[in-house]
Amino acid sequence: MRPVPPAHASAAPEHISVDHLRPDLTRALYQAMRTARDLDAEAVALQRQGVFPAYVSVRGQEAAQVASATALDPERDFVFPTYREMASALAYGVDMVGYMASHRALWHGGLYDVMASRFGAVNAVVGGPVPHAVGWAVGERLRGGDGVALSYFGDGASSEGDVHEAMNFAGVFGAPVVFFCQNNRWALSVPNERQVAGGSVAARAEGYGMPGAVVDGNDAGAVYEATAEAVARARSGGGPTLIEALTYRVEPHSTSDDPGRYREDTEAEHWRVHRDPVALLRAAVLAAGHADEADLAEADAEAAGRAEEIRDGVAGAPEPHGSELFTHVFRETTEELTRQHRTWQEEVEL
Amino acid sequence: MAEESITFTLPDLGEGLVEATVLEWQVAVGDVVARNAPLVEVETTKSAVVIPSPQAGRIAELHAAEDQVVPVGDPLVTFAVEAADEAPRAGIVGRVPPEEARPARRVRLKPPTA
Amino acid sequence: MSAKLTGDVTMRYVDLPPRAPADAVPVLLLHGFGTDFDMNWRATGWTRALESAGLRVIGPDLRGHGSSDKPVEEAFYLPEHFVADLVSLLDELGVERVDVVGYSMGSRLGWELALTMRERVRRVALGGFGPVNAFAGTDLSEPGSGDSPFDRVYRAVAALPGNDTAALAACARGQASRPFSSDPLLNGVPLLLVSGERDAVAEGAAGLAGRCGGVHVEVPGRDHGNAVSSRAFRQAVVDFLLA
Amino acid sequence: MTELIERAGAGPDAAGAPPVELSMQQAVNRALRTLLAEDPDVLVFGEDVGALGGVFRVTDGLQREFGDKRVFDTPLAESAIMGMAVGLAMNGWRPVPELQFDGFAYPAIDQIVNQVARMNYRTRGSAPMPITLRLPSFGGIQAPEHHGESLEALFAHTPGLKVVAPSDPAEAYTLLLQSVRSDDPVVFMEPKARYWDRRPVRLREPSDPIGTSRVVREGSHATLVAWGAMVHKCLQVAELAAEDGVDLEVLDLRWLKPVDTAGLAASVSRTGRAVVVHEAPLTAGLGAEVAALVTENCFRDLSGPVQRVTGFDVPYPAGPLEGQYLPTIDRILLAVQRTLEY
């Protein structure tokens, strides 16, 4: 029997409702998603101007990222991102100039304070940070704290050993972790049908001893509720949850990818036009009476301003000085490294 | 503009099919076709299908006449393709390193006296 | 992308948005006996041809076929049930009128749809179809056992992966229990019939087209199996739809 | 200066196919095409190698030509890719897996070291591993983290693995044929900074045995030993040194395991001086192995210790600092000067 695509395809609804949510929440979600959308566009432009060597867009995944991050408490929880979670970082309150610095290749993990932000360093190892979330969560339980770890990963990463091992560990330890899979249908050039056996990442939750949930990743309200429920379960000692947010990677994998070689542009066009999470939320907020056109116009203006401010901040940031090559290699440096630092001064800095 | 010739064989049509009969070419020698444009209509014991062009380029040679039976893997069509020599495209990450004509240096050597 | 329309029988369909104007009348493609949308229309170059002509394509896997449900009781396969599936699909998609393009069994069902739901159909193009009873000379208690044209078709499709022979046999019997009759004729709708020169199943298509005030095109040298993928058939239909 | 590489390209069977202008991407693609056509057991698989044609287009067109049963994408799991390669080899196939980037090989190290490298040994020859792991390697393209690593020391240190790095398109074609046809597991490290290097290439069948190095520029004052992208850099250094009246030999090591000790010793005992250049960090890099071999085999002929010019002992840096981390022309010249004055 040919695998039937998950309800991910165009059958998903083309309007959402947030009537049942608090107005201040839905307005905040819209504000952050709108800012992330504008910052994403600025970042693509920076790449075209050669300021960024490359950029990985989050366009189309703003609801999945902002709404999940908003369901956390930045004072006591901890987020473990991949390399494509700009909108989550923004919603979580991370210093965005420091975050975007990683895309300008000023410093691999970014230039924000990871521990102060309680938001892990930008991480390009697929599935790599997922076991970190379990470790942090087990450590939190040992200390008697009630913080929750949220681990982001994608449909591609769901094939990595690290992710399977981490989820089993979390089930065994009952660790307070929310495994948040943004299934955007494409792991670079490989579609779900050839990446996710069985057709659903969430269906594996039971196998790892935790509840699983599939949610429309482009419905900000639904993502928020599903994440909030999982966070509450973890915080109250109920253990881990696996959430699969069905969304779509509207832009190419990166600014130097050519999707024409592996997917139909009509599919991407459908999601771009009919399932845009920012447009869906905007219509729902108006329909629910949580804001009127004037409020949203103001929000849009504020978002655009903030995006430009971040853009100018990261574009103007100084490049790291060569001597920084030798900083932070160890907490306690070595004789040999000091000798190599001198070699660099004499032979490279000249 | 250097040209490169690329030959494509009759692809594996699945379900263990070993050959197909060419019903009708959708292109002629000399045509310039886009990738995925209809190339040739063939019939197997199971069904008749139109094979999309695997390559953009000019049709240099058709290796089978209509009504001819072609085994899977035998040459089907040869394309003449301009060897792409426009600026090389970076891979999925990073930049193509610039090829500096004369590498800069500051250090001068003194040949050994012995 | 494809989706599901759940009713008493769940039907998988594909809805491919056009590249050009959105308001053009969509084309409803109805595949033949024992195949499905992908085999009958996508692999034969039709979707690409219709899309580049700027036409929106709606392509169901008819009940008993492809990825749709495959009940094994004969009663599920009466022509009126197929037509009901198609009407509920058009309602689901909010489509007022369509141009119907069919092949073999799909053509007979397209004819029935146009006849009974006249206002939902603009133009009709049918291939591999004629007035003659398609099941003539076939022992339907054991389809494929004899040497009638239908037996030969049945044997060819029974071997295709993904086909359920019990469902196909039931489908044949369901269709045969309402033998096609060209009375009443399909009048007052632009009609194109296309048939391969050597297609026994489509015997008499030219006469039928004439009686309905329609047009007939013959594809030289082609039989029931390979007329559907011919360029002549595709081109005739595209010209007819865009006229 | 006509580089010796051109003359080396001419080679003994100069009468072979006429030279064709190819980049290294295209040369590897041609080699894979030759291998897939000549041996029905060859399989090419990995992440994004099929429809996309590889993130550097190295497997472009192979799936269309040879079908998706022999050229196929896998889910994103490096350990499973190498583990599957072991199983395929045990079922009579000749797997040519690709791990998309050097830095992504780490999750597969367990399968490579504990299974691929020693399976023939632990089964006393019953289950050979004719696997060639294609690994885009080394730095030089300002790529993100984990996309510019040099793992040759790790692989060379693994008993049962052979390791090779081609320095130009002709080498890439010939050495890949040799690697895949070998019944031993080979790690084929493609220098991604040289993927776009285009030059006239004569596509030749392998003639040198596995483990042979290659003098790409003869010289008398000192020998520069390098591999991969550093061969091109050392040729640039030699060209500049010639302006100062210093005649440098450039030795392309090619095989990083087994190392061509005889070829190395022959060159260094003639010039009496050696500078090893590699991108990987200094400590326990393959440069240490080369220095030990030179010291053991050419001690009496050396007029000074072997110099090493390498990456620093720091994690591979982000974009703008890459140029200050990798061996520069000036640093190599300074090392040469140290050997001349010793």
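For reference, chains read A, B, C and D in written order, and residue numbers begin at 1 within each chain.
Heads up, the rule we're going with is that a residue touches a chain if its C-beta (ideal position, glycine included) is under 8 Å from a C-beta of that chain, and two chains touch if they have at least 3 such contacts.
Composition by chain, UniProt nomenclature: B = Biotin/lipoyl-containing protein; C = Alpha/beta hydrolase; D = Alpha-ketoacid dehydrogenase subunit beta.
Note that the structure is predicted; figures quoted are calculated from it, not measured.
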Chain pair with the higher count of C-beta pairs in contact (B-D, A-C): B-D
Chain A and chain C, separation of their C-alpha mean positions in angstrom: 47
Interchain centroid distance [CA atoms averaged], chain B/chain D, Å: 27
Chain C and chain D: spacing of chain centres that average the CA atoms, whole Å: 58
Centre distance in Å when chain A and chain B are each reduced to the mean of their C-alpha atoms: 38
Per-residue multi-chain contacts in chain D, two or more chains: 55, 142, 144, 147, 330, 334
Shared interface positions of chain B, touching two or more other chains: 89-95, 106
Every chain pair in contact, whichever chains are involved: A-B, A-C, A-D, B-C, B-D
Parts of chain B lying in touch with chain A, wherever the complex brings them together: 89-95, 106
Residues of chain A that touch chain C when the two form their complex: 1-2, 4-5, 9-11, 266-267, 269-270
Touching residues on chain B, where the partner in the complex is chain C: 15, 23-24, 26, 36, 38, 41, 43, 45-50, 52
Residues of chain C defined as touching chain B within the complex: 35, 39, 43-45, 48-49, 156, 159-161, 225-226, 228-231
Partner chain B, residues of chain D touching it in the complex: 20-21, 23, 55-57, 61, 64-65, 67-69, 101, 140-144, 147-148, 192-193, 195-198, 221, 236, 240-241, 244-246, 329-330, 333-334, 336-337, 340-341
